[in-house]
Amino acid sequence: MSDIILELREITKTFPGVRALDGVGFQLKKGEIHALMGENGAGKSTLIKVITGVYQPDSGQILLDGKPVSIRGPLDSQRLGIAAIYQHVTCYPDLSVAENIFIGHEKINPITRGIHWKELHAQAAELLESLDADFDSKAIMGNLSVAQQQIVEIAKALSAKARIVIMDEPTAPLTKRESEDLYRIAEGLRDRGVSIIFISHRLEDMYRLASRVTVFRDSRFVGTWAVDKISRDELIVAMVGRSITQLFPKRKVSIGEEVLKVEGLSRTGYFKDVSFSVRKGEILAMTGLVGAGRTEVCEAIYGITRADSGRVFLAGKELRAAHPSEALAKGIGYLPEDRLKQGLVLEWAIAANVTLPSLAQFSSFGWMNRRREELKAKELAEKLQVKANSVHDLVATLSGGNQQKVIVAKLLTGDMKVIILDEPTKGVDVGAKAAIFEIMNELAAAGYGIVMVSSEMPEVLGMSDRIVVMREGRVSATMDTADATQEKILGAAMAAARTADAAVTEQA
Amino acid sequence: MRKSFVKAVMVLVVMTIAATSLVAQSYAIVFKNTGNPYGEKQMAGFKAGIEEQKLTAILRAPDAPTAEAQIAIIQQLIAQKVAGICIVGNDFDALQPVLQQAMKANIKVWSLDSSVNPASRAFHVNQSSTDLIGRTEVQAAYDMIGGKGEIAILSATSQASNQNAWIEVMKQELKLPKYKDIKLDKVAYGDDLRDKSVSEAQGLLASFPNLKVIIAPTTVGIAAAGKVITDKGLIGKVFVTGLGLPSEMATYIENGACPYMFLWNPIDLGYLGAYAGVALVNGKITGKVGDKFTAGKLGAYTITKSGDGGTEVILGPPFKFDAKNIADWKSVY
Amino acid sequence: MSADTKTPTTRGRIVRSGEGFRELGLLVFIAILAAAFQIRNHNFLTIANIKDLLTNTAILGILAVGMMLVLITGGIDLSIGATIALAGMTSALTGMALPHINPLLSILEGMAVGLAVGSVIGLLVARFKVLPIIATLGIMNIVRGVTYIESKGAWVSSYQMSKAFTDISTGTTFGVNNLVVIAVFIFIVFWYFVNHTKTGRRIYAIGSNPEAADISGIPRRKLLWLVYAIMGVLSGLAGVLWVSKFASAQGDTALGYELNVIAACVLGGVSISGGAGKVSGLLLGTILLGILNNALPLINVSPFWQQFIQGIVILAAVLTNVAVKRNNQRLALRKRAI
Amino acid sequence: MSEREISIDRPRSLKRFFFQWEWLLVLIFVAVNIINSGLSPYYLNFGSLIGSTNSFLDMAFLVLPMTFVIILGNIDISVASTVALSAVIMAVGFNAGLPMPLAMLLCLVVSTLCGLFNGFLMVKFKELSAVIVTLSTMIIYRGIAYVILEDQAAGHFPPWFSFLAWGSIGPVPFILIVFAVCALAFGLLLHKTSFGRKVFAMGNNLTAARYSGIKTDSVIIAVSALTGLMAGFTALFLTSRMGSTRPNVALGYELSVIAMVVLGGVSTAGGAGRIGGPILAIFIIGYLNYGLGLVNIKANVLLIIIGSLLILSVLVLNLRFGGHRRPAPPIARMIAAGKAPDEKA
């Protein structure tokens, strides 16, 4: 008897105008962690939705334990023991953790017909404990950090006695340490005999965790390999269809005078006494655990929130930005961490998104000049190599990497001195990552001062000139990249005790 | 299939409209709002009066008692070139511009029941003289408590012109030496809403423990007060009087919460309004003091000077409803 | 799995602190308001007046419970005033035609009318995805029009109602007015329903995250329909109680009453954008509004000031709540060591 | 990666052009007119058709800014009370000896201040949804009107004042001209200026708008002030139409106005809509009322017809146009208690 638990044969799924899956196949063994890779839009998410019954395939067959099954809806797939943990966590923020875990299969007290809270919480607590969770089953979901919410999602899958767990980019929003926790949980599940489909853009995830890897490209199946049988470069070729010679194409640029200087910046409850500086043409990496206060510092500089004390100097002059518009006017641009929520108007065309921060430039006395707008959008989109046919294409139709390029284009419409990029490669595929790094280099070469917030150690080390490490709201170390090592950075990022707690508290 | 149905309906409607518009003269009455039994009776009386004279009656009322809605209706009537408009005003002044437009279009305008200002009407058809109504109600309260004690008024909305005129008369009347032992505690407004009227009535009773009479010159208010007094077991201790529909008040007159109250016959009032209007359109009267006309079965009427500076014709003194006669009237209106 | 990272934590409690603050703030606000009214008129806090207050607020409370469910799903129901009128009028007309009908049957009849209206709205919202505000605005007009037509513009008056019918609202059970008993019963039932049943919790779920509800296989459409059906049934019940309480059925009964009900929910902390709302908060919100309606006639201010005072009190209650919340947040931030 | 040409041609297709909500409204509008002229011989008469616009246009001034408000993802139910308060203060000001033009100015100033106050509350208390804010001010504004005028009416304006609502230039009512100018101005403001662009951006994604440097608070305040200003226009024309004013004028206008905006295809979720739809909706409902009024249809039947029209048109919208419109979320995903999207923890 074969040890294949799930097999997909010749699955095709089309949407109006798009062929999302083109005769793809896929095999999942019992008790394996199987990585599913490919660029955005390669068809991974559609495949997942077919397996979970959200979409019905146009043709093809799904076999579970060797028997053909039809999965007509999410309930069907749940019944068959398939659980999915989605990219954007699909929780109920107003409900408690226990309820989130058991929604859909609540424990009912047979006598009162009410929910059996005691048992519910007891079971939830048990599940959480087995996952090493550091929060209570009665906590309100919306108050947890993303990492914690993911643990809840996994508990939910376990509670449904899932035999197949699909994790769709679970590590994207996580720090290295949190990812490490997640790896351990995934391995624990595997050891219990659960099969896991693991989708990620991080090659290290795959090497660390998976035993086999399947690659999709342009809605087609490219191949399945044992992880130790395929090299990193071969994998990239399989995914992108060409080789990317250098992921971190750091070039030497001339570093000029100081352009941004932050002195003793503090905000009660978020960060304290933060000082650093950036010079022209320099890329400064800001790293640390999620919740160490990096984003909060950037937002205070950019004027989203206000610092309680401390000063910010831009090209020698003090800047007190009470609002992003002031920061933009003075020459500080910010690429926010959450591009869907904070960066883009998804239902809008590229052109309208690009010009949003500098509408005044494209209007005279308030009157919009659409021609000027379109031309500028075209110029920037071409310069940044956005994959689109027209500046009137909706941003929602673009891949994550191209969306990120559109946000960068937004910053380039104005006359910027400093550009702050908050996790610019989060959830972006390999090819687009390289493109974004290239753009960063070009910007630095053009004399911008660049602050890059990142949790990814390789890109911090590969891209920056200097590194600022934050821990629990304070700067714990500043170093030249030349002298930095992964160990040094991690040492500075993690305090001796209660690090995980600190990361959590920041989310409240 | 559906198209032909629509066509058929349209043809039918067009035919009926054409048929009715052959009748040269149509007379419209615009009441305060729809779904008001007092108004329905008044419009029924108007219709009867008009149709007795072989003319066409148009009955209109907006869905909410606002002047704005009445203005729109009057504009539609002007476009239909009706012969006359009988208006039961939701506002004393606010209809003036549109009614003057109507007059300019050679449409005769007169008001009924709730008047509009003299500049926007030929004359007013009044249920009874404003003075008489106010005086009668104060006198009733006086009689119920032997001329001594505290009273309160529970009205409709603070914007209701009829009620405000009556209340004004009551206040003047109470200044007379005869009423020196009667104290008016408060004028409350129940906005003609059941729940608010009940709250206000309860508030009056709780705030003024010595309250003896509630005068409510509006049906919803008087019925609410009657209900509150009945439910609180205060029958015989606190009395209600005022103006109300016999149907609404039958229970409380029969149980003694309201020894007696007043109203006129809305059907007769509408009927009188119809005859007065036709006489106006036919040129028998112009609306000046001393004009005389005959209102069908109701007999002869004369136009007199009214308190607001215009002229009016008065139906008659308000009718007194008490335990003896209420059974005869409760099912009539 | 290593045990060394397991640290006992109070996070659950930290995260939940401030949950009860809303209710507490509202309670304090109500207490201050009541004290102020009591100083102004000593008859405010008497047994008789509190009885009046509760009796007058009962119907509002019944409706607010239904509206809370609707708001939790992210919807709104503007049609309830009209439904009250239709249900009340229908049961009153039946009562007039059949004077010996059992009052329980009258109540059931009203609830059935409400269920019919609510079902249609539920169908429009859940099945045809019509925006709740539009669906209920349209239905409001239609139902109101039908009521006028059904009644032919007439009212059903007290003398046309049987004593058994008016006793529904004026009678007492164990010395407590029936309306209050019914309202308390409904509050308890729905407290249990929303907090302790599968369906109740799922209503929060669909309001909290509709997309997730679809993915996890919660029958969102059915629940949406259910919520409007419940609102309809409660409106129907309220319609019969209304007509019975005031001993009169009019076509324009409860005109505009939906705004009062929404105001009670909003004061009670029910979120207009869905997902959040508690029965305890709702109870306080209802009582606050009930106190306003009851006390304003009592405190002997000019009737022309009543509306203004009412508005200011509502705004003050809402702003106080925001202030309490913000202060709470600020304190929490201060405590956070950095 | 090769350099790739990105076009700037605007997408045009016949299907796209005709598959717009406004066409359905045009159809309804034509249908209403055909039915009306079939019903009443008095209807199809150019003079009365154009003249009758003054019976519904006073409210229409509120529809224009309400379109902005709803595109922002907010809602304003205090507009009718603003009308009442500004009208009352104008009348009181005039009766206190203010020259009429100054009194009219006062009316606009007061209404704008009311709008500004709404905006101020919304900006300072982002935790509160617009419904809650305007529900409170709705009660307060009308409350002030009652405090000022009590049970009185105020009027006795100079005769020329009635020209606003009743006068006409040639056969065209003055109010129609003013409305056309306002509609044009609002249309251009919404669709052709950077301000309109900002309004759409905020309605679609308030957070992204803020991160893009849009002064979201200023836009909210500006839209609130505009709403107030137009409420002042409604107050002027309504008062002129009635010749006097009272604290209870314009009762219930807010719901009619919102209904027209939504019938006009503006999404209550915010971010989508065009000015043409609500303007068509004004005339559809206005002429429907007028035409059916000419055959003296009963008010209760009219209620049913308008309610059905509202539901039917949205049903058609959902079934026929369902694809590209956003799903129906709550009354608005607005800045609601504790969930302000614009607010960082």
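For this structure, a couple of remarks:
A, B, C and D are the chain letters, set down in written order, and residue numbers restart from 1 in every chain.
As a convention for this text, contacts are C-beta pairs under 8 Å (C-beta built on N, C-alpha and C of every residue); 3 or more make two chains touch, one makes a residue touch a chain.
Here the structure is a predicted model, which is why all the values come from computation and not from measurement.
Taking the CA centroid of subunit B as reference, the farthest chain centroid is that of A.
Here the two chains linked by the largest count of contacting C-beta pairs are C-D. Between the CA-based centres of subunit A and subunit D the separation comes to 42 Å, rounded to the whole angstrom.
As a whole-number value, the distance joining the C-alpha centres of subunit B and subunit D reads 35 Å.
Subunit A and subunit B, compared by their mean Cα positions, are separated by 72 Å.
Multi-chain contact residues of subunit A (touching two or more other chains): 508. Counting partners per residue, subunit C has 144-145, 147-148, 251, 276, 304 as the residues that reach two or more other chains.
Shared interface positions of subunit B, defined as residues touching 2 or more other chains, are 33-35, 63-64, 158.
If you draw each protein chain as a dot and join the dots that touch, the picture is not a line, a loop, a star, or fully joined; it has some other shape. Contact between chains, using the touch rule, shows up for A-C, A-D, B-C, B-D, C-D.
Considering their complex, residues 35, 38-42, 45, 48, 52, 54-56, 146, 150-151, 153, 155, 162, 165-166, 238, 240-252, 289-290, 293-296, 298-300, 302-303 of subunit D touch subunit B. Residue ranges on subunit C touching subunit A, taken from their complex, read 1-2, 5-7, 9, 11-16, 19, 192, 196-198, 201-202, 204-205, 207-209, 211-212, 214-218, 275-276, 332-334, 336, 338. The part of subunit A that touches subunit C in the complex is made up of residues 52, 54, 73-75, 78, 84, 86, 90-95, 99, 103-104, 106, 108, 112-115, 117, 129-130, 132, 134-140, 143-144, 184, 188, 268-272, 293, 472-474, 498, 500-501, 504-505, 508. Within the complex, the subunit B residues that touch subunit D are 10, 13-14, 17-18, 21, 28, 33-35, 58-64, 66-68, 71-73, 75-76, 79-81, 91-98, 101, 157-159, 164. Within the complex formed with subunit D, the subunit A residues making contact are 299, 304-305, 323-325, 327-329, 334, 336, 341-348, 351-352, 356-360, 362-363, 366-368, 374-375, 377-378, 381-382, 385-392, 410, 435, 507-508.
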